[in-house]
Structure formats: C-alpha cells, structure tokens
C-alpha cells in the first residue's frame, strides 16, 4: 500500500524499486504514450534480464529500443516490432525471445489482469495458428480460445497531466495501452508532463483514477526525441 | 449499420424500433444515469414481455419501477433491488423472474460482451452459492468460475452531453453501467440533456465514442422526478 | 442513533490511516462518513463510481447525479475522480481499496462473513458486497454483537449463505473489538463496564483474551 | 506512387459510403486517406486509438502525440474521439467498423487472407490485422495482382499462415475488382486494356466473368 501523500517521488527513487528480472509493462503505441523518461532512467540504473510487455519495440535508438540494444531485455511480449529493425535482428539471432499476440488480444490480456480476472474466452484467431497455441473450451456449441490474463510486476506509463495522488489524464493518441497497464501491474509508476495539487483535475476528465497508481513523477515536456521519428504524415 | 448522419432521431422513432420480448440493458445506479425519458417512452409505447438488465430496480414509481408495476417485465437481471419494495413483492409473488449477480460481475459480464468476448474467468464468489450455479475450469492449479458474457438486443443509456454522431459524455456518478451497456447491446439508444454538432466535444473528454451508439435523442434536463427520492445525504 | 452505535463508530474511526482509500458499506458503516474529519487525507470510494467523496455540507444544494452506493447525495473532495462500474470494481478486485467497513448478519472464527441473504426472508440482492469482502486488503465488520432477539452474531461457523470466505480482519461491535487470527478470535478491546465472562456469554465462538493486552473502548 | 497504385486507390475510394466508419490498413490502404475528400462525412478509425482522423494539412505543425497506426502524424475532424486500445479493439470486435481496407500477400477464392507472416522470411508481428480482418463488416483488399516475381497473389487456396478465414468481401488489384461469393471469385471490373484471358492467366483461382455485367476501371 502506497499512501496518497507518498506517491509523488523523484524519478530515481521510483525506478530504483525495480529489481533485475522484473516483468515490466511499458505504455505507448509507437512514440505517443511511451514513458521515455522512465525508460531512460531504467537504462541508467542498469536493471537487466527484464521481461518487457509493450505493443511494439519503438524504433532503433529510442524508448525500449535502447534497452533492447543494451542487451537488458530477455523477453519481449508484443504485437508488432516492424518499425525496429534492430529488435527484429536480435530476435532472428535468438538473443531476444519474442512472444507475439494480436494487438487487441494483447490489450485484453492486460485489461483482464487489470480487472482482476484470470482470462477471457474469445473467437479471435480461431482458424489461424494463434488458436493452436492456446487451450480451448466448448461452450454453447462453439469452440472458444482461452486467453489468460497478463499480469506484471511493474508498469511504466506516460500521462499528459497528473496530480500528486496519481490521478492521470492522457492526451491524443498517447492513451493506447497506458490505462490498461496502469490497472494490471502490481506497482505502477507514472510520468507526467505536469503534476499538480489534488483538485486541479476535473473528476470527469480523469482517465486513470489514482487508486491504480503507486508513484508519480514529473518529467520535462515533449523532448526532441519524440519528434525525431522517420515517419511523416 | 446506422450511418453517422442518421443517428439523431426523435425519441418516439428511436424507441419504436424495440419489439415485444426484447432484451434491454438500462443504464443507471439508482437514479443517476437512469434514462428516465427513454423508459417513459417505452412505457407509453406498450412493449411487453421484456427482459431488463439493470443494476437495480430504481424505486417504486420511477424508472423501470414503472415498467415492473405495469407488468411489462418478465425477467430482471440485476444486482440489488432493495430500494424497490414493489419489485421485491413481485419477485416474491413469482410474477417477476429475477436473476441476481454480484454487482462487479454483472458489470463485467456486460463489459465482456461489449469487448466482443464470450466470457471471463474469475475467482469472485468461489466458496459461495454463486459458484454452484456456474461452470468451472481448472487452470494453473486453481479452480476458476466461467462467467459468460451478457449481450442484449438494445441498450438505453443516459448521458449529460452528446453530439449528433452519438459521442457521449457522462457526469458525476451518472456514468456507472452506461458506457458498458453502450458497447454490449446490438442497438444502442442514448438520451442526452444536450445534443450538439460534431466538433463541440473535445476528443479526450468523450467517454463513449459514437461508433457504439445507434441513435441519440435529446431530452429535457433533470426533471423533478430525479430529485424526488427518499434518501438524503 | 443509539449510544451503542455511536461507540462502534467512534472506535471504528480510529481504524482509518491518513493516506488510505476506504469504502463504507451500506447501513451503519455509511454513517462513519460523519466521524472522519474533513481534513483527514483519505479518499472514500463508493462502488457506484466515485473515489474521494465527502458528506454534503448542510448549506450545499444536492447534485442529483452525485450519490454514494447507499443513495445519499454526496460531494467530492480535492483529488476525486468519477468512473464507470467496470473501473470501480476493477479497483476492488485488484485490491486497490485499503480498508472496507461492512455490516454483518453473522461472522465466524475463520473470518467468514454472511451479510447478503436470509433464505426465505431477505434477499434483495448482492450488490458489491461479495467483491469488496473477498478482495479488500482489510475488512472491518461493524455490527451489533447480538441480534434483536439476543442471539449471537459472532459464531463458531456461519450458518447463512456466505458473502465471502475468510475475508474479515477485525470485528467491532458494541461489546468488543476482535481480530480474526490463525488461532481464532482474539479480543483486542472490550466495552467499558463489560466483563470478559459477560462477553463470552454473548458470543457463540471461542474468544482468546489476554488480560494484560486488553483495551477498553 | 505507381500508376497501378493510383488506379487501385481511385477505384477503392468509390467503395466508401458517406456516414461510414472506415479503417485503413498499413501500406497502400493508408494512402487512400488522401483520396477521400475532406468534406466526405466519414470517420476514419485508426486502431491505436482515434476515430475521426484526417491527413494533416501541408501548413499544419505536427502534433507528436497524434499518430495513426502506421506512425504518420495526423489531425482530427469534427466528431473525433480518442480512446485506449481496449476501447479501440472493442469497436473492432463488436463490428462497429463498417469498412476496412487492407493489403495482402495472398487472398483466395474462399475469402481467406494471408498478410502477416512469411515463415522464415518476414514476421514482424501481427498488429491489429487479425481482429480487423475477422470482425469488420466489410473487408476490401487492395494489392497488386501479382508479386514482384510475377506470381499470382489471388489463389485457389492460401499457402501462407492465415490472418483470418473467409473474411474478404472484395479484392481490388491493378488488374481487376473481384467479389468473394459463395460460387467463387466474381469479376466486377477489369482494368482498361486488359482482356479476360490475360486476367485469368495472371490469376491462380477460378474467375467467374459475366461479360454483360463487366465494368472497366
């Protein structure tokens, strides 16, 4: 239990709670919503043998791309790593164990944990190789795949605004996996561009209520790193 | 498929699509979030033999209490009807078939449908009589209850604000089951105190995206009916 | 409210630690709301979808769309959020609620709780009790020690349908404060003016009493 | 962009009905974005969490936190909403997306689709393709009729790992527009200047052609 007034922390202290070998959910779909500052702090502190759960592998040289290049990730549970050629190469060399899930099932496996369930029944992927790797059950005359919930020791999430109790608001497409991971991990570390006093966020505007957040740190607004992506609209 | 520009309708027309015998989810926890105007229209139109899915039975003389008193409800799937003595009496006389679920499981059964799943695995209620009425499965050395998803033909939901595409914003504790039901029913009819042009609601402030909403109707703001409850804070 | 209820609530308020997230069950626990100082840094969770509620001030107009799970019109304090029922119960099932107070028909030595159904007599539903009882980090029961006929509510084994198994941490009644321990029910405090023998007489469970440790309330 | 690709996209734009919710897959379908008039009352869904996106105007500064699923910086139109990945895929699994365009490695007569993996050669992941293909109301495939070695991509049976079974409604290539029907692949339109014999030659599936109904594009 983290008491409400203990949640607002220096970034070094928050990340120092993560041990070697931890399983860590990392928010973000591409750059938006990726907690770059928390990842960089993790890189600096040296934790290794990590299992990361993230939609994608970012791109070479940014975000979890750095952790993968530094050899700190032993297992990546993801949906698509097509934008990170280094991660694909590490996978092909057998240095990075990669588990791929359809994106919506990955989201729901995390959400299932966040809701305190043990898994869910789906028809997604029936008739494909996805179905061959999971247990099935007959119910009401049809065959359903059982997708177990995906829990983690830690989640690193990114928000636009927060208060020091850990209430979070996401912006634009930076929401993605963040609110799901914030519910699914045992310890949730949130970074936000702005952390204000409780009462500064309208109750209806809060996307992740503070009950799910263990620690909250303030980070500098959008760095150039988030803009230096190859893609243009 | 309801096209975007066809969603904003007169209330009579929206409710007229509901046939006798329909299963209908109704938002609300107590009065907040209960779509009183849609319920009153349903009462006026005369649909009968309805299966209602609602957290509670409102109170005598308001909301679905009226439908129950008028004998229009054959089955109520709910969590608690303690504030409606008439509904309890109808249940005890055998005139109203009532299925009770723990509140969070009821919410999740609806959410499971809304997510397009067939059910979920839970330990809630293990060791109680809830567990005796559901199928179980052994996974990873433990026994889990299988809770099937709960779909419905229609959902009647209440929002504070909407746009005419059907984007919805809830206020205060009027959210409750509304966003879950809006995802779980085949046809979703939303009432809102204010329906504006698309673009009037900030994208981050929208709780239910319009893709889930079939029709949206505008209703008069909070009537005295919603205030005439026995409870005082 | 009776003097017994007041004593239960006054004692119960001491259970709340600043910085916690607390849920108050329907009935007697709801009234604990008024025993928590407004400047206490605690967020009260109500399962209908609000975290950070407080009682309405006497001069505040009710907001008809802001209620707690018992149906009372409430207000919010700084740091409050509102959310849907799925988020609200996710919070409960993920044990993000630190402390819940609940009433009881029966509680037993193992920490089993029965408070939702009396077959043939009372079954208005389940509400959020099962999830809260099963998953909250710490469940404190507030109830009268005996029912209106004088029958014990603190039992060796519950007889009514259970709300949840082995879920209770502490029981606060008008007669005693008792902890559920691996050894059985351990009396922490006993009501002023009551003897241990009288307490045992009013209870259908074995009570462990260490006179040297026993407090009064 | 090649003339063939332009012809595919011009033809594909005619599939979109005003008032629909449309998803554009990564690759060629993403470029369809620029073929939809900005005043067309359509909400484009991108599975990373936005409904109602539009291409950025040339003079608009990019918002680095507003991308589509391919990673392009986009903008929104009136009626847009943003949401998390669970809501986004609930929308997909509940068939709230009316129309999806997707690329393909292989498509077959039954409407089976393979577009995510070439064992031993290409397996960057799955992304949202499986859910979109399986659950969208109408799936239109946009792809070259033959691969760069001239091999047919329109087959009697897919050989690569499937994305989803029996999911495709229509296929638009540089050579033809074909519908998946219970009878097999029915040619709707054929490219200007191409003979039916040439089309059959470039295809490894049986094609049903009714000359009287055949359109050109």
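The letters A, B, C and D name the chains in turn, as written, and every chain counts its residues from 1.
Everything below uses one rule, namely that a residue touches a chain if its C-beta (ideal position, glycine included) is under 8 Å from a C-beta of that chain, and two chains touch if they have at least 3 such contacts.
Please read all numbers here as calculations on a predicted model, not as lab measurements.
Participant: Tell me which chain's centre, taken as the mean of its C-alpha atoms, is farthest from chain C.
Facilitator: Farthest by centroid: D.
Participant: Just the number, please: Cα centre separation of chain A and chain D in whole Å.
Facilitator: Each chain's C-alpha centroid was found; their separation is 29 Å.
Participant: When the centre of a chain is set as the mean of its C-alpha atoms, what distance in Å lies between chain A and chain B?
Facilitator: So the centre of chain A lies 32 Å away from the centre of chain B.
Participant: Once you find the CA centre of chain B and the CA centre of chain D, what distance in Å lies between them?
Facilitator: Comparing mean C-alpha positions, chain D is 36 Å from chain B.
Participant: Could you grab the centroid distance between chain C and chain D? Build each centroid from C-alpha atoms only and quote it in angstrom.
Facilitator: The separation of the two C-alpha centroids amounts to 57 Å.
Participant: Among the residues of chain C, pick out those that touch two or more other chains and give their numbers.
Facilitator: In chain C, 50, 82-83, 86, 89, 92-93, 135 touch at least two other chains.
Participant: What are the residues of chain A that contact at least two other chains?
Facilitator: Expected reply: 108, 111, 115-117, 123-124, 170-172, 203-204.
Participant: What graph shape do the protein chains here make by touch: line, ring, star, complete or other?
Facilitator: other
Participant: What pairs of chains are touching here?
Facilitator: Touching chain pairs, listed by label, come out as A-B, A-C, A-D, B-C, B-D.
Participant: Quick one: which bits of chain C touch chain B in the complex? Just the residue numbers, please.
Facilitator: 46-50, 55-56, 62-74, 82-86, 88-89, 92-93, 123-131, 134-135, 161-165
Participant: In the complex formed with chain C, which residues of chain A make contact?
Facilitator: 1, 3-6, 114-117, 163, 165, 167, 183, 197-199, 201, 203-204, 206, 209-212
Participant: Quick check: in the complex, which residue numbers of chain A touch chain B?
Facilitator: The touching residues are 108, 111-112, 115-124, 135, 137, 139-140, 142, 144, 146, 148-149, 169-172, 203-205.
Participant: Going by the contact rule set out above, which residues of chain D touch chain B in the complex?
Facilitator: Touch list, chain D to chain B: 17-21, 41-43, 45, 50-52, 76-83, 86-87, 89-94, 96-98, 135, 137.
Participant: Show me the residue ranges of chain A that touch chain D in the complex, using the header's touch definition.
Facilitator: Those residues of chain A that touch chain D are 29-33, 55-56, 78-83, 88, 100-105, 107-108, 111, 123-130, 160, 170-180, 207, 222, 226-227, 229, 231-233.
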